[in-house]
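Labels run A, B and C following the written order; every chain starts at residue 1.
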Amino acid sequence: MRTTALVALHVFRDSVRDKVLYSIVAFAVVLMGVSYLIGQLTAGEDLKIIKDLGLAAMSLMGLFIAVFIGIGLIAREIDRRSIYAVLAKPVRRHELLLGKYLGLVGTLFVNLSVMALAYYVVLAYIGTTLSPAALKAAPAPPTDPRLMLAVLMIALELSLVTAVALFWSTFSSSALLSAGFTVALYIAGQFGADLKNFEHVVESPAAGIVGRALYYVLPNFAAFDIKTEVVHALPLPAGYLAMTALYAIVYIAALLVASVMIFARRDFK
Amino acid sequence: MGIAAGVVAIAVLLTTVVGLQMDRERRFPQAEPAQQILYVNSPAVLTRLALSYDALVADLYWIRAIQYYGGTRLSEQGDKSYALLFPLLDLTTSLDPNFNIAYEFGAFFLSEKKPGGPGQSALAIKLLEKGLVARPDRWQYPYDIGFVHYRDGNYKVAAEWFLRAAKTSGARKEGERADMWLEPLAANTLATGGDTRSSRVMYEHLLTSEATWLREDAARRLKKLDAIDRIAELERLTREYERRFGDPPPTWEHLIQVGLLPGIPLDPEGHPYVLNPWWGDVTVSDDSPVWPLPTENPA
Amino acid sequence: MHAIRTEGLTKHYSVGFWRSRPYVALDKLTLEVARGEVFGFLGPNGAGKTTTLKLLMQLIFPTSGRAWILDRPAGDVAMRRRIGYLPENPTFYDNVSAEELLGYFASLFGYRGAERARRVAGLLDEVGLGAERRMQLRKYSKGMIQRVGLAQALINDPEVVFLDEPMSGLDPIGRRDVRDIILRLRDRGATVFFSSHILGDAEAMCSRVGIVAGGTLVASGALAEMVPFRIRGWDLVLAGVMADAAAALSARGAAATLIGDGRYHVVLPATASSEDAVALAKAANAELVSINPVRDTLEDFFLAHVQKSAGRTFD
């Protein structure tokens, strides 16, 4: 337990300072600023567009971060063989893996927080420029605290992506391949609804069943998307959020167990 | 951790995950608000966003269009306006102007009359005209426009479009020679308006469509046409019986006994036709899949 | 107890899709290293040295055979508290400093607070990185990284130290420093197991060596026993030799090579004595700059044994 925490802390320190992450986060912050400009172009709809853009930017940039650090997690470390020195220390392999995951999720959360902060700053500023009438007409206030729910869902979604990336990395020797698989799985997980309805669109019933099975087994990333509900102030049942959070946690647990099993038994070239 | 223990743990967790998802769907069915399907409304924007994956994105929208159509049609409550059907098909065909099946589908289902269908013939024609601009050589698009007009009862206009279709370069292509049946169709439509012969030609053409939906629908409608024709025949027989015996036949057996019928007449789905003993008219049975028959316009 | 012991340690890799024959990286390695020894594990590149070290560190798992360190099976976590390992061409983490890295490793051993800080500072000084301790590792040169590697291998005062090519990437000063550290370790009673393809290092430091080639241990034993230090000849350097005198040298039965500018390198047979050397110089009217005995070296021994197994092909 203590060893896992030590590993997590070290990993956090190492990755949070990573230059690439700085660039990504900076880019996201710039995007927030730009969204303000775009908002100016469409009279009346600024607030919605800025909220949409901000959340989309966080989601997309967060995805890059999750994949990037997820791969850096194990694949890069094995590639560069920096893992040799650590494994010769009194650290069990599973402690190393779990510590890495926790450290990287920590990094992810920190980066998302920075982006979220920039987001709220921009929104607060927009709030001051809107007329009282526009404010009243908007379904939700500019600095709507419920937006944080969307950010939280994004954070959970990306933790799951990181776990997927970690899983791929434990047995794939190529960092690039792992990244590719993770992104592919993410995209597939976004089209869950289409997978579910596969049987209505294809000829063979077997394909339909496969589609349905895939929908249930593959991680369903689309379910974490509550951007629309939050931006339009639509109702969000607490039960739905709780179940989705539980879904994420259980799936992550499954991936971590699988990763530990593979990691404990593999040779390092 | 032992392999066996690990595998069991993973199996348990994955089962939980699947169970959670199913449960969540049960409790919070996604009403799929319109916003989500059409997050991007404009074809111009979407075409740019799709980068070089237009065809793939077109496929996705096509799947959603069918899903949307099927879902709306089958659902008992909810919005039956099919409001999103045209936009979805519009997006599909903007991304991939050669997406023939999408045009045909749009033509057929958009123009389907209410309450079962959207009844949006104008939009169907708009979609097809877009296709015509993209592919002026294809005879299918002007033909489909004619088909829509035919359904609405504008036989003269329909005939003009059929003729126009016959004159496209695609119609005269070696091997296909669609003009061979398009021209007679045009002539027939002009002459007799909405009769079963023209309709039959058009539905038989639809039997060769790529889309299962369309083929099945065409087959269903052909069965209805068959039923209509058969009913006309049967009514001739009942009138003959009436002429001979003074009253319409009370049951089919009476017709069989006098040799006018070899056996109880069955509709294309195998259900016996229903004889109205008072007036001698024939209808299909209520619980036959062929019911209801189109009353005025056979299409 | 032995510091290190292996028994039939074997590692096969399957190469390629269709080949059924495996690549034998290490074939039934059986050796023992006693406590307090400095053991040189020598061999050409690809001989299986790094494979052996990785097997001992349980970075890879053996196909067959076993290994023990300090009488505990390789991979035992408690035993790892008492050993140190320097991988070949090590890399660490870009965005932390040497101080942070060593602090991290030290904490993994359970060191805390002042004790940890003391160890980290001490080791950084010992390997000569005191000044750059706060700089991020990203900016380190290869030689500096090597020093960091050595430091992290020693952070816990290990009883057994495993070094894979410890001299690689270091300039002569660095190599001398590493040699000194290794000898200091020996003096403290630690066991040092290091691999190298540079034989001069071994000669200077080892008490025992093992020579591996093509995945097999071809020879092992005490250095003194394996390489009889007989004198095979004498190496002379003469200066100020005139052109005509050079011819005379050859006539006297000495092999003479011009080094440049009147200096000649002359080899005399083992039977010659130092007096013969002086006499030769006088006869050539030249100055005797140096005289060195030519001994059998580890290199000769090595080459002889490796040639023998050079016939083996790798799959």
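We adopt the following convention: contacts are C-beta pairs under 8 Å (C-beta built on N, C-alpha and C of every residue); 3 or more make two chains touch, one makes a residue touch a chain.
Computed from a predicted structure; not experimentally measured.
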- Ranking chains by how close their C-alpha centroid sits to the total C-alpha centroid puts first chain A
- Task: Return the chain whose centre of C-alpha atoms lies at maximal distance from the corresponding centre of chain A.
- Result: C
- Message: Just the number, please: Cα centre separation of chain B and chain C in whole Å.
- Response: 82
- Centre-to-centre distance between chain B and chain A (centres being mean Cα positions), rounded to whole Å: 43
- Item | Computed distance of Cα centres, chain C from chain A, in Å | 48
- Which residues, counting only chain A, touch chain B once they are in their complex? 94, 191, 193-194, 197, 200-201, 203, 216-217, 220, 223, 228, 232, 234, 237, 239-240, 243-244, 246-247, 250-251, 253-254, 257-258, 260-261, 264
- Query: Tell me, which parts of chain B touch chain A in their complex?
  - Reply: 1, 3, 6-7, 9-10, 13-14, 16-18, 20-24, 27-28, 30, 32-33, 35-36, 60, 63-64, 66-67, 70, 212
- Per the touch rule above, chain A residues touching chain C in the complex are 3, 6-7, 10, 13-15, 17-18, 80-82, 84-92, 265, 267-268
- Contact set on chain C toward chain A in their complex: 54, 57-61, 77-78, 80-81, 83-87, 89-96, 100, 104-105, 107-109, 136, 149, 152, 162
